[in-house]
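Mind having a look at this structure? Questions to follow.
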Amino acid sequence: MAIEVKNASFVYPNGFKALENINIVINEGERVAIVGQNGAGKTTCVKMMNGLNKPTEGDVIVDGMNTKDKTTAFIAKSVGYVFQNPDEQIFNSTVRAEVEYVLRYFKLPEKEIKERVKRAVQLTDIAGYLDINPLDLPYPIRKFVAIAAVIASKPKYIILDEPTAGQDKHGTETLSMMISELEKDGVTVITITHDMDFAVANFDRIVAMSQKKIIADGNAKEIFWNEDIVSRARIKKTQIGELAKRLNVPGEVLFCEELVEKL
Amino acid sequence: MANQKGKIDKLSLFLIPIGIAVNFIGGQIAILLKLPLYLDAIGTIVVAALCGYWPGIVVGLVSNILNAISSPTTLFYAPLNMAFAVVAVILSKRKWFKNFFKTVLSALFFALIGGGIGACITWLVYGFDFGSGVSAMFSIPLHQTLGLPKFVAQFIAETSIDVLDKVITVIAVFGVLKAIPMRFLAKLPLGRIYIKDAEMYEDDED
Amino acid sequence: MAYIELKDVSYRYPYTKEQALKNVTYSFERGKFYGIIGENGGGKTTLCNLIRGLIPHFYLGRLKGEALVDGVDVRDWDTGEISAKIGYVFQNPFTQISGIKETVFEEVAIGLENLGVPKDEMIERVINVCEMLNIEDLVKNNPNELSRGQRQRVAFASIIVMDTDTLVIDEPTSQLDPEGTESVFEIIRSLKESGKTIILVEHKIDLIAEHCEEILVMQGGKIAMSGPTKAILSDFGTLDLGTMIPATAVFGHAMKEAGKPLADIPITLDEAVELVERRGE
Amino acid sequence: MHVEFGNSFKKFYKTGNFWCDLYPTTKLILCFTVAMSTIVMNNWIYGFSVCLFYFIFAFFTGHGKQFTKTFLILFVIIGLFLVVIRQVGMRTGNVTPMFEIFGWIWYRESFITSLDVSSYMLGFAGGILLFFDTTPMRDLMYAFEHMGVSHVTSFIMLSSMQNIIDLRKTSVAILESQKSRGIETDGNILVRSKAFFPTISPLILGAFSSTEEKSIAMDARAFSVKRKHTFLRELKPMSQIEKILCLLFSLALISLTVWKIAAALIK
């Protein structure tokens, strides 16, 4: 089971070509981070994976079904997508109602709803806010509410768009924990991020995009120590990576422990 | 608390343009979802319910003025939107929008006012006869086949078209009012009505 | 001399049980660059709102203690007049664009129009600010059609043009991409040289480490720690207060623990490079 | 380049078109009096002549295309529709049959009345349309502010127009967001109606919440400082000729009205 993007291009109705010949297979159980400059096509690309954008050329196959044949809402049962801005989604008067909303929309049994909400809330660490109006909470926590709502709908793949924006230390730690817990639950996590520390620490596969194309696909070292890719995708090395480079430490160092060891 | 009489407080002021835009977008979402409804009074009702008479009336009036830029005859129907604002404030103060059934019931008021004032305006503007547009499609058969007087036919036509529209409208209003965050309500003239357990916080001086 | 003086200030938002600020006492001096860091919900933004004169006038709620801006209690400041004293830029690139002007040039001039600045002077000041912030190419653009990063630069320009002596900047980069962030960093660099009093709330700890002179760490509505940047950010204990410290500082500590101590704990990249190289000599 | 652009504000703003560069109030008075005159006259020959004049004039101002587009729509929904309906509506006073379509007799009396009504509806609409087509809202607001209307009014009008554009974009994003959560937006009317709430609610809530920040941001730019404002972009003030023109048109409308009322009373 996998999300397969085959020779897919995407042209917006206004004629703007946003993606050119994208090929990528994301297998179940992987953790993938998509990085690259704004306008590189990252969001358009993931919107293709959940059927919001149907490729104008080529195909996107989610677990054997072609996205062209299904509505987005149907594909959403397999591929969940948390938008960058949680406020485009939240509208219920309590956090609990927000997380439960889609489950009730699908008319799931009460017991099932309870269980799913419990797990989603636990993973996103928002148990303390269940009876509060989500809009009374600060932005970073609203973001977790939006994530919880998608987790509760139990998709096999979850796409997160810029989850670390505005997060503090605790928030970033919660995200890391959530991602590894989701992996244990068998959920594939795909994220778009500008936060390279976050990408390096949590994702074993990094996809770099630039100018409507995928320019590199590999592990963190392959991406960040390839100067050509770094400059084309306009990404920044992590601070430790940068330090290692300036100190001319050999061995493509990205992590603190490695660097300490090598000095 | 936050406002003096006759003067619009600062936050309400900034809510007015949003209310106006919502009036427009409501209809556009209806088109997006292919719903055969206008849904163009949500902004007026929500702003009126939260901020009071003046802000609500301004939202109604300006919505019509802006509409007039592309279809000037809508200008005549401005009193309609303004009346919605007044009714919304009265109902809001009586806490109708806190109860789902009362809210749905209120759609009937809005539809009657819409139909009543709407028919009067049509009557006046169109030289004491039928208007043009959707309502004419219903009012003329009523007049022709049942032999109802023209004004009555126009009134019935406009009201019945309005009922479904206003039911959806007030349900949306209900949902929004329920979900407005407390920190925001605290700053609005009629916001206190919608704060859960408002009294609980009032008396404890620390 | 203290420019902004907080004496035992406590504050509670309306309809909340918990105080957002608890017995805060601090003096901000004129011309210094302050960084405020700390966990979300720790009171950083509330502190900004207080200094900006939005508390108690706009947010209502209950304020106790004394908060003086330029010698006048915030309760006595007119919310309009205080804008000529203290500039304010915050995170959302969308809400800071007025939506009533058709070119960036006019957008930047709004504050001056409202203050009644004569036209010729207004034009000159806007031109200068556009040059300072490198937005010359944007002046003819519609401000409502800019990217987030560009909007944020215009927001800065609109405030800087008013030439207030203090600037409160609340998480200016949290909703920007790296490029937008970099352009905002540049603005902050140039502001530093202008000699204004700057109060910056920011999660990107590298930025704080590079620019700030003094740091306040907020936690649970209190100032949990305050002092010179170097002292705060090189202290491992700061991590327990729910905030990051620079990766280089973590590296410095790790080196110490591995028995390869550097002469000092570095908080910036340059410093780290220098310290490691010195160790080799 | 930016210096040049900045300095361009030192002169009065001009488009180069004689009509468009008139002071907004002048245009408003001229358009409004002509528009009202069609209602007062209530005569199809006059009304349609005025409409024809609008067309020609609109092309002269360089806004012909824009005007034609909207006006034609109005022409169909108000003009034609009304004329047809009136043939059904009027039952009394019809004496002179004109012609017959599939057994449906059109009478001269009701036909003329319908022409009168639709001519003044169109005459009125056209005048207003012409005004807004040739006068940007910000110009109108500029004139109002100079008449002593608060800048708050300008803010409300201009910001509403921008909000409509912005919220339209947001509503599309919200719809996508809710689809991605599994909410169906296609299907029968019930399914689609259900999708209305998860779309409109976040839109309103988000927009409402943003006003808090908007008001703070505007305050930071001295929005609520009570001082005399200056204007970066300025329009040429009303000339003597414009004032006389406005006066003449207003007097003409008033005398026309008086004459019409008097005539009706005498009858």
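Some points to look at:
A, B, C and D are the chain letters, set down in written order, and residue numbers restart from 1 in every chain.
Here is the rule we use: a contact is a pair of C-beta atoms (placed from the backbone, for glycine too) under 8 Å apart; a residue touches a chain by one contact, two chains touch by 3 or more.
Note that the structure is predicted; figures quoted are calculated from it, not measured.
Touching subunit A and subunit B at once are the following chains: C, D. Per-pair counts of C-beta contacts peak for the chains B-D. Computed from the mean C-alpha positions, the centre of subunit A lies at a distance of 46 Å from the centre of subunit D.
In terms of their C-alpha centroids, the spacing between subunit A and subunit C amounts to 29 Å. Chain centres here are Cα averages; for subunit C and subunit D they lie 44 Å apart. Residue positions 58 of subunit C are each in touch with at least two other chains. Looking at subunit D, residues 155, 159, 163, 166, 185, 197, 201, 205, 209-210, 214-215, 218-219, 224 sit in touch with two or more other chains. With touch defined as above, residues shared between interfaces to two or more other chains in subunit B number as follows: 10, 175-176, 179-184, 187. Judged by the touch criterion defined above, the protein chains are all mutually in contact, each touching every other.
Touching subunit C in their complex are the following residues of subunit A: 37-38, 138, 140-141, 165-171, 194, 197, 234-236, 238-240, 242-243, 246-247, 256-257, 259-261, 263. Subunit D contributes residues 70, 73-74, 77-78, 81-82, 85-86, 88-90, 113, 116-117, 121, 124-129, 132, 152, 155-157, 159-161, 163-164, 166-168, 171-172, 175, 185, 189, 192-193, 195-197, 199-201, 203-205, 207-212, 214-215, 218-219, 224 to its touches with subunit B in the complex.
Across the interface of their complex, subunit C is touched by residues 1-2, 10, 182-183, 185-187, 195, 198, 201, 206 of subunit B. By the touch criterion stated above, subunit C contacts subunit B in their complex at residues 12-17, 19, 58-60, 62. Partner subunit A is touched in their complex by these residues of subunit D: 170, 173-174, 176-186, 197-198, 201-202, 205-206, 209.
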